[in-house]
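Chain naming follows the written order as A, B, C and D, and within any one chain the residues start at number 1.
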């Protein structure tokens, strides 16, 4: 049995909730309880042609959800901050074309009304302990994809989920996206895949892995994606861009649609082997 | 010359702004530019008698600002979340009694109107990269005390200050409060005092040190407070509680007023020696 | 292309040595160059019956090498320090019974003569930068299994291998065994599986993963072992003990022979899927 | 009372040994029990003129011990490895000229006979858990200066001291020299000054701080040295080189004799203020 160190988990604990939580968006996009699903798309939403193009391609390769950043939390105020509400409109256009449910990040509690048409609301690493935001998301009726903090502990991730759930929303997806360690020369973060089996023991919530932020380097993404599948993840979140060199953000860690297609074939084989 | 790694600092950089920024609140509460000041008070505001009692005592020992948490960002949703707006009223009552300017933490951008009578608005470690909050604080006319993130880099702290300053508010105080490392048995965080001379080289903003959160243990606070002074800090932020054993939060790291008084005498001697 | 940050790699670099190094011990124990191999056995050698029993069992499940600690580097001087040279005799007895080549750790350069009959000499995490030991191992004619330091960087691991190789011994196996991070509640170390594809890009040396030390918890070992295989590791190093509860050391992270057998079947399926 | 987490300390614990251990080398070089002392000198011994010159200068400024590396543990095998036994001869020459006791690092247990004329034997960060070396040092009759590991915990440092003491040598000096954290842009390591009051609570052994390795940058050394004094350290270990730009190793973190002299005046003032 895992240590809980005095912090009681109620809603998020597997104890008392033995059945896996399953997140369902439409007929074919299901995650958890043995259903594996991949979320793919560009780091930032850039324009309509880009979004529709990449959405069609990732769908053809087997992705079940479309991601894209409209509001971008950037370390520097002088970096591209995202297209904002226009970005959400472009995601919706891509959804109309492909049927893929859309996942995008919220960075301000005051923006919540803009997310009414979004399928899954993402909370990024920098807001993983923005507790007032988590409480508000607990009152809405949409699945929340909650990323582990930049240097968040597993316990903190679970307690942030508990904030959402204690406020009334039990549809939370947990996302491992790499943690901050001294090893930052070859990788942007250290992807902590052991968090996957740890979380699967403690909680009934689905666990996805983001190897794009987790490594920061496209050449490492396929290996880490396959490793995440083998470790028992319920899903993956992968950045895909048709022209990574010219991406507005995080191009260095984006796969091309061709690389993504190749990866999805291997993911399928690993899934079948398990 | 320090590396900036491609992230340009504009407002926060000492280059082009050689003079130290000085924060002034009334006649006797001044920090920066050679003026040293101590912020003291309880972790959480608990009741009026407590606040007034501790405010009088820390003032008598030489504190220049009063701290107290009204909105508490807690890891678990089941922990005490603070008195909220009532807590701010109690801080104001203590200010009326003592004349000490008050410093308290904001945890939600929607609460900003409640902080109109607060003297310095604190941004805690968990909101150090809540960029939308930082932008709003850039539009207000109050000094902002910005804590380093839980595992924030020095560069991220500077860029968070830059968010506030680029939005129009140049009165930012930087606060080192310990970083997250593997060494978490004997100390809650690892107080990174080398951040003090690093920041003093790069920026003109005042730098304060919080040895209470930085160590998490009252017995270590005096040594680390004196070390911070010797390292060149412009101020200290110290948790003081009349009855630490019964504090609503963080009692383990709170000094009693007697311990604080003893510390302030030593701080004075170190300041004179420098 | 990976950054090398001014530290030149010569012998260990893939540049100029495009072919994978292959470690061969007898007919059936081969690692590297597409050959996958598992090293298994108890943390500490305890007695002859234990060693022979576990050796037979791990061989039956498909292990290609036998491990067991004779000289144990323990954090406290009051902990069990290993059976010493008698432990090596017991490993040899198990080799006679099973034919499995033996891998055991050296902790003192003066002991090198005792390792004449050992097949692979292991350098543990605490000696990963014991450069004088590495130089001596560079003069011997046995493969060296080099573990990453407790908080070693990937670059340091490569440069430690370079110490061995520059002294004349090119048969080095690199071992990822978890790094020290702030996340030490649920796992003993953080297994850095991204080191696997990073190392495979930079070097021609075989890379094995030790999920036993990497997680410190038996329940997490199978998931992380499978993840390591999917990430592209050339081998695994797994602690197996017939009676983990009564093991002299590290019982908490040891698999039983039954769990190991189950794991090996899954490893085989993942290998085939890749 | 500090947690010991099940690892018993015997010889190193203050419990049962309430009096501070005092290290005495000759009449004027005393450390511990209220006696403060500074160890200074170049990173590497380079030649006789250099050693005698710097020894005279640091003595004139108030240093009580002379340091200099003869055997250098370097990350890369292709870096300067030290002058070896010739380096020890040059240190002895500098001792003859100045009377300062000499401190130098051992990197191989087989070299112990070369250290017969050395006054204090240093164990570096990379050998902090080279337990066989520690056991041998426990049998010799010289003070041992034991550095904290690269990412060593406080508990590990204490248990390494316990290895020396349990073997019979109670004269151990503990040295905080910075730990490995994610913050490695502005500083080489993160100097953990809170280790000073923690260690002073738990053990009776003297505690020195090395701000040169702790920061890796000469401009930060004076601030951190003063902070260490204010935190309660029993001594400092400072790298001083007459011509840092041309130093064989670690020139970036070396003070010039003039900077060292200036620092020593401030150290004296802080000591008097305490």
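In this text, a contact is a pair of C-beta atoms (placed from the backbone, for glycine too) under 8 Å apart; a residue touches a chain by one contact, two chains touch by 3 or more.
From a predicted model like this one, the values you see are computed outputs, not experimental measurements.
Undergrad: Computing the C-alpha centre of each chain, which chain sits at the greatest distance from chain A?
TA: Most distant chain from chain A: D.
Undergrad: Select, from C-D and B-C, the pair of chains that is joined by more C-beta pairs in contact.
TA: Between C-D and B-C, the larger count of C-beta pairs in contact belongs to C-D.
Undergrad: Would you kindly tell me how far, in whole Å, the mean C-alpha position of chain D lies from that of chain C?
TA: Their C-alpha centroids are separated by 34 Å.
Undergrad: Roughly how far is chain B from chain C, going centre to centre by Cα mean, in whole Å?
TA: Their C-alpha centroids are separated by 47 Å.
Undergrad: Counting only residues that touch at least 2 other chains, which ones in chain C make the list?
TA: Correct list: 151, 155, 180-182.
Undergrad: Any idea which chain D residues touch chain A in the complex?
TA: Listed in rising order, the residues are 151, 180-182, 184.
Undergrad: Would you pull the chain C residues touching chain A in the complex into a rising list?
TA: It comes out as residues 2-3, 5, 151, 153-155, 179, 181-183, 185-187, 190-198, 201, 214-215, 219-220, 223-224, 226-232, 266, 269-270, 272-274.
Undergrad: Show which residues of chain B lie in contact with chain A when the two form their complex.
TA: Against chain A, the touching part of chain B is residues 7-8, 10, 73-78, 107-110, 126-127, 129-132, 135, 149-152, 155-156, 159, 162-163, 166-167, 180.
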